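Both of the next two complexes hold subunit A, though its partner changes from subunit B to subunit C.
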Partner chain A sequence: MTTPAIRMFRGLEGLFCVYKPSGVHWKLVRDTIETNLLKGLNATPPQPLPQEVRLLAHPVSETEAPKGLTLSAVSVAVLSKHPLVTGPEFQHIKVGVGHRLDAPSSGVLVLAVGNGNRALNGLTTYTTRVTRDYTLEGEFGTATDDFSHTGRVVERSTYGHITQDKLDRVLAMLQGVNQKALLLYSNVDMRSQEAYEMAAQGLLGPGGKSTPILTGLRCIRFQPPNFTLEVQCLNETQKYLRKVVHEIGLELRSTAMCKGVRRTRDGAFTLQDALTHHHWTASDVKQAIRQYHSSKKKRKETHTKIKDPALQLPEETAGKKTETYNEAAAKGGIK
Partner chain B sequence: MSSSFTQLCLQYRSRLFSKTVATTCRFSTQFHHCATLTRLPTKILNGSSVISGNRTTMQARQWWKQPMFCYRDLTARHLATEAKEHKDTEQLSKADVVVYKTPALPIRDAEMPVTKGQMSLDLDATTELSALELISDEEALGISIPSTMPPCSTSLSDYVDQSETLSKLVQLGVKLWSLEQRPNVGSMLLRLNFNTDVAPKLLFLKEIGVEDSSFGPIISRNPFILTKNLQQLRSRVDYLKSQEFSSENVALMVSRAPYLLSFNVKRLDNRLGFYQKQLKLSASNIRNIVVRQPKLLSGSLEPIKENLKVCQIELGFKENEIQHIVIAVPKVLTVQKRKLIQIFDFLHNTMKVPHHLITKFPQVLNSRYLRVRERHLFLNYLGKAQYDPALPNYISLERFVSLPNETFCTELALATLEDFNLFQKTL
Partner chain C sequence: MAFPCVRLCSRHMSIGLQVCGYATLSKAPRPSPRPQEKSDTGPVFQYVGQHRKPNHKVFVWGFSFTGALGIPSFVVPDSGRKKPRKYQLTPYRLDTAEQISSAACGYGFTLIASSTKDTSKLWGMGLNKDSQLGFQRSQHSRLKGYEYVLEPSPVALPLAEPLQTKVVQVACGRAHSLVLTDQEGVFSMGNNAYGQCGRRIVEDEVYRCVLIQIFQFHFFHTSLMCFHDLLLFLTEKGKVFACGWGADGQTGLGHHNVSPSPVEVGGDLAGVEVQQISTYGDCSLAVSRDGHLYGWGNSEYLQLSSVTEATQINSPRRLPLKGCGKIVQAACGGTQVAVLNEKGEVFVWGYGILGKGPKLSESATPEMIPSTLFGRSEFNPSVAVTRIRCGLNHFAAVTDQGELFVWGKNVRGCLGIGKRDDQYFPWRVTVPGQVVDVACGVDHMVALAKSLL
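Moving on to the complex of A and B:
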């Protein structure tokens, strides 16, 4: 039998994303969401108590019946089913977390409720290739032991010689290296027709686990000593991204540290969909999940043409580069 | 019931394997005998003619079943009857609980001559019951039906329907599900008697002025009130009143910190003395603080000592500043040390708010870190983060913290709520 709470829970099952503030652990985010959802679920009107017929003895006055007692059937509410006795209907819900964000980084964090966890498994276990967008805030001139601005400073250096041009050159070099790694992990012979076709569709990439790969890298703000990078990547961790900033600094004959990691997209989830922490209530989550379901339906309709949902999102320069590279390779094969 | 049936079946089987015609004959006659006799006790139940009819037919069936056993070949036939008897039990189980008991009596009787050596337990039972006699209605009612209460259980829900105390507590609004998770509380509640243990305590709470609606929450928090001596409780409340707490305030404190009643007078006195000594405040101020934050009396003192030291040494407040902060916001003493330091660090080092301004608006120490941070960063982004009262466009810390998001955006930031939301996503 479905109660209002169960019906509400069915409406809550699915994927949605929140905006994790920096300085908060992802477990805390998950737990807050879970308690808020439980609060919403258990606030639904409770089921009426089931009635039970019991034979209760009623003492009858002695003059009427000398034998004294008669039984009468009375329907009584079964108190053992009372919500104060059984506790709230929902005491735990499965809330799964997508690709993690560590405490100092902020941004889009995908969460799954109920059977949405199954879809989440597909996203996290490398079966589908999901790229993510990050913006990295960097600062030249200092190096710290954990590559972030909170760590212990280990080195200081000058940064006057760095120009945007030099930075772009380094970024292009890094992207080229990662492009090679992408081809290496894609497990296809580069001289085959198959590789050509995959590259033409933009499907080349690691099939499963791989080292972190940056598929796109560019500088969107350059005001020395501060700079901002935009990164598209696969199988990354936030620590790796900080290390990338550090290495860019070294490559430019200077030092750099990362002041902030912000994820702006995780697969199909973008900043627009993300719920800020004022909106982590059951009703808002419900709306976000409904929106996700409707958008999924739309995507399925368009998907008859394009096979892979994960790589449908344009990867700008990276995607184009692969194509050109592979076209060249294919031509070489033909000759 | 069903167990007695299976016993019966077992008896049959052992009987049949012995294959002595004479005994089976005796057995069948025995059965015949009881079948005729047991029609009498069927009248035990007044007003259940259907059931008695049901029973007599069953008896009759059993009666004609037995001779067949005697003369035919046995085991297969026996299995068939076993199945039939199962059907009988099913039929019976559809009837009411009261009906269950009575038909069991004659059948046990039928068992008796057969089992003799094996079932001494049943023998004893039958001698006591003497079920073949006609009994009066009162006696029939007097037959106690073994209750369905399990002897031990992990949950109170098995006992709620039977126990008067528990059902009354549920009606009061006590959260039994959370109480049963505490060690030993469940069995403690079960042992209570409503009239002698629970009712006087409720009357006492009513007497000191606690509202009816807060009985449930109080007992949910501190169920041990119910086991305490009434005299002790009274002496504690009297002590609080002797310290010039008004009776309304005592009621308020008890309903907000139910563990207050579990502390003896000496302990309460020690605690009030502690605050007076540490904070060096006047008695009326101490009373004021304690009424507003009764957890100061019922909670642990260690974190409070630690917070005071943190304020003094780590945050660098002067003694009179601490006094002022505590009088304005007593909760500062009970918040977590880590949170206090985190928010002070942000206020003082990022927002550049000096100590005397924080002392003037101590509510900021009690607010959420994320809230303060995102608001400050938003104002900073708009170029409005100006917390110095001597300069123009001053934003008071009190309004900065206490206003809800909508009014904060419209009045202080002069922006829309959507802008604020979008800004939060850039942090």
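Moving on to the complex of A and C:
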């Protein structure tokens, strides 16, 4: 028998994303969400207790003879089903985390509830080419031991010689190196026609595990000593991204450290869809999951419509950032 | 300064013996993370000043046993334990005395030139059996020259004013080479069996001799191009002159004979201002200032099939190329041709590995190579190719971002991609720096690069 709580739980199964604030471990976020969801599920009005017919003996006075118990049928509530006895209906729910974010970083964190965890498996086991977008805040002039602004200062250097033009040259060089890495880690024989066709469309990429690869890198703000980079990457860790900022400083014959890492997109989930701290309640999560399901349906429809023309385009379609999980695994991913 | 704390594991330490089992290093307990204090005392290092100019470097790769790479330790190793390195598969830095502005690769030899006014402005390395690198006097005898030059050695040019003239361009052919100076014309040296050095053909001429066979042309030229056994000049006014072997009509002079002295090329080029010429092997191309392409010579591999079905044309004809736009540069290979239009797109046709996968091995019409292969992407929407060069069986393209892409047959490692397999579509060569220019030979290449900063 499905209780309203179970019905609500079925509505909660799926994927959604939250905005993880910086300074908080991702596990805390996951635990808070799980607690809030449990609160919401267990707040549904309880079922009325089932009734049971029991044969109860009448209270017999001691003076009467012990023989001949008189029993009468009474409809009594089953106390073993009382919530105070059984406990709340939901005590644990499976809430899984997609790509993790370390404590100093902030941004989009994808979570999955119940059956949605299966979709998460496809996301995290590197089978599809799912990229993530980050915004990195950097500052020239200092180098620290863990590449971030909270580390121990290792060296300080001048940065007056750095111009936007030089920074762009270094970023172009890094992009070239990473694009070559994309081709090297793809498991396609370079001498085949298939390799040429995939490379011409920009579809060549690592199929499985690989080193972190930045598929896109550009500077969106440059006000020395501060600068902001936009990165699109695969198989990365936040520490690696901070190291990239440090290495950009070294290439420019100076030093740099990373002041903030912010994930702006994870696959198809963007900052617009992320739930902030005040909205980590069961009803908001349910709405977000419903939105995810409907957008997945829309993407499936557009995907099947444009699948054939897209494969014949010699150049990749610009600005197409939508990504699917299960469909991409089957069709090889379109960037 | 954070001092590392050394914690000794107490289990393994015994009181009698002062032996520690292991020690763990841990960071001293730091205060809680806080933003850096700007008033930290400590030196501020300056690595680079405001007005730093980029360094210029030369990289070489390919087949090294002829000495064409200019690194003697590849052929004759320094220590007995090392083995000679026959193929250099990735770019290797060549140390030069001056900043090199022009380089050219021939068949087993290389010429590099600098635009200084010093006495030594031209260096050559590699094969010298036909004196294509001038006379390199050997240490053993005054009369004999070196047949293989393993290191960049100065080539002495008989200049009238050696401290005023600058070398503008060098070009190398099969066994001859040319040097263009700004004030004293063109010097040629090397094999002249077909008149490709521009001098009168002498039967059974011996090239390995005491005197340098140099011939001087007193024209003022903007560029010259010579490959295999042909010599083409381009003057400032846009006229083309040719001399040398003409069996395939590549001299463009209307006949199939050898031409020992430079004669102006006519045909469709009469009256046309040419801005760039290119030739390799037996086919020649010229690009006019208004963006049209003219070709003559061998067409066995469909290089000129847009105007003719014959296998050779001995007079220049205009090639109507549809869909290519305004042509800016052309490059001729042994059996294939590539052109570059003003938008930075590359078109290829001919026979061989053209750059569009293993299936496309022959094409009579221009085929465009997709720009995504040259690095164009969502983050880099405007990458364009600025220079295109051809070797005998391979291509090289330099983009405006300073990246070098190569594709084609990998003859003895000439592509520089780290492996000896042929490359069927453009592949990036990892050169430390931004590539400015590249010279392609038969089995080796030279790249001129400058550092990023």
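FYI, the second predicted complex is superposed on the first by the 290 of 335 C-alpha atoms of A that agree within 3 Å, B and C clash if a C-alpha of one lies under 4 Å from a C-alpha of the other, contacts with A are read in each partner's own complex, and residues count from 1 in each chain.
By our rule, a residue touches a chain if its C-beta (ideal position, glycine included) is under 8 Å from a C-beta of that chain, and two chains touch if they have at least 3 such contacts.
Bear in mind the structure is a predicted one, so any value in this text is a computation, not a measurement.
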Fit or clash between subunit C and subunit B when superposed on subunit A: fit
Subunit B versus subunit C as contact partner of A:Pro21, first or second or both or neither: first
Angle, in degrees and to the nearest 10, that opens at subunit A between the C-alpha centres of subunit B and subunit C: 160
Comparing the two partners subunit B and subunit C, which touches a greater set of residues in subunit A: C
Partner chain(s) touched by A:Gln232 [first = subunit B, second = subunit C, both, neither]: second
Which of subunit B and subunit C A:Arg221 touches, first, second, both or neither: neither
Partner chain(s) touched by A:Leu271 [first = subunit B, second = subunit C, both, neither]: first
Closest approach of subunit C to subunit B (Cα atoms, Å): 9
Set intersection of subunit A contacts, subunit C complex versus subunit B complex: none
Subunit C partner contacts - residues on subunit A that touch it in the complex: 142, 144, 149-150, 152-153, 155-158, 160-161, 166, 169-170, 172-173, 175-177, 179-180, 183, 190-193, 195-197, 199-202, 215-218, 232, 251-254, 314-316, 318-319, 335
Footprint of subunit A on subunit B - complex, ascending: 96-98, 136-138, 141, 156-158, 160-161, 166-167, 170, 173-178, 370, 374, 405, 421, 424-427
In the complex with subunit A, residue positions of subunit C that touch it: 2, 30, 33-36, 40, 42-50, 52, 356-359, 370-373, 375-381, 401-403, 421-425, 427-428, 430, 434, 452-453
For the subunit A and subunit B complex, residues of the former touching the latter: 19, 21-24, 52, 55, 57, 67-69, 71, 78-82, 84-88, 106, 262, 271, 274, 276-278
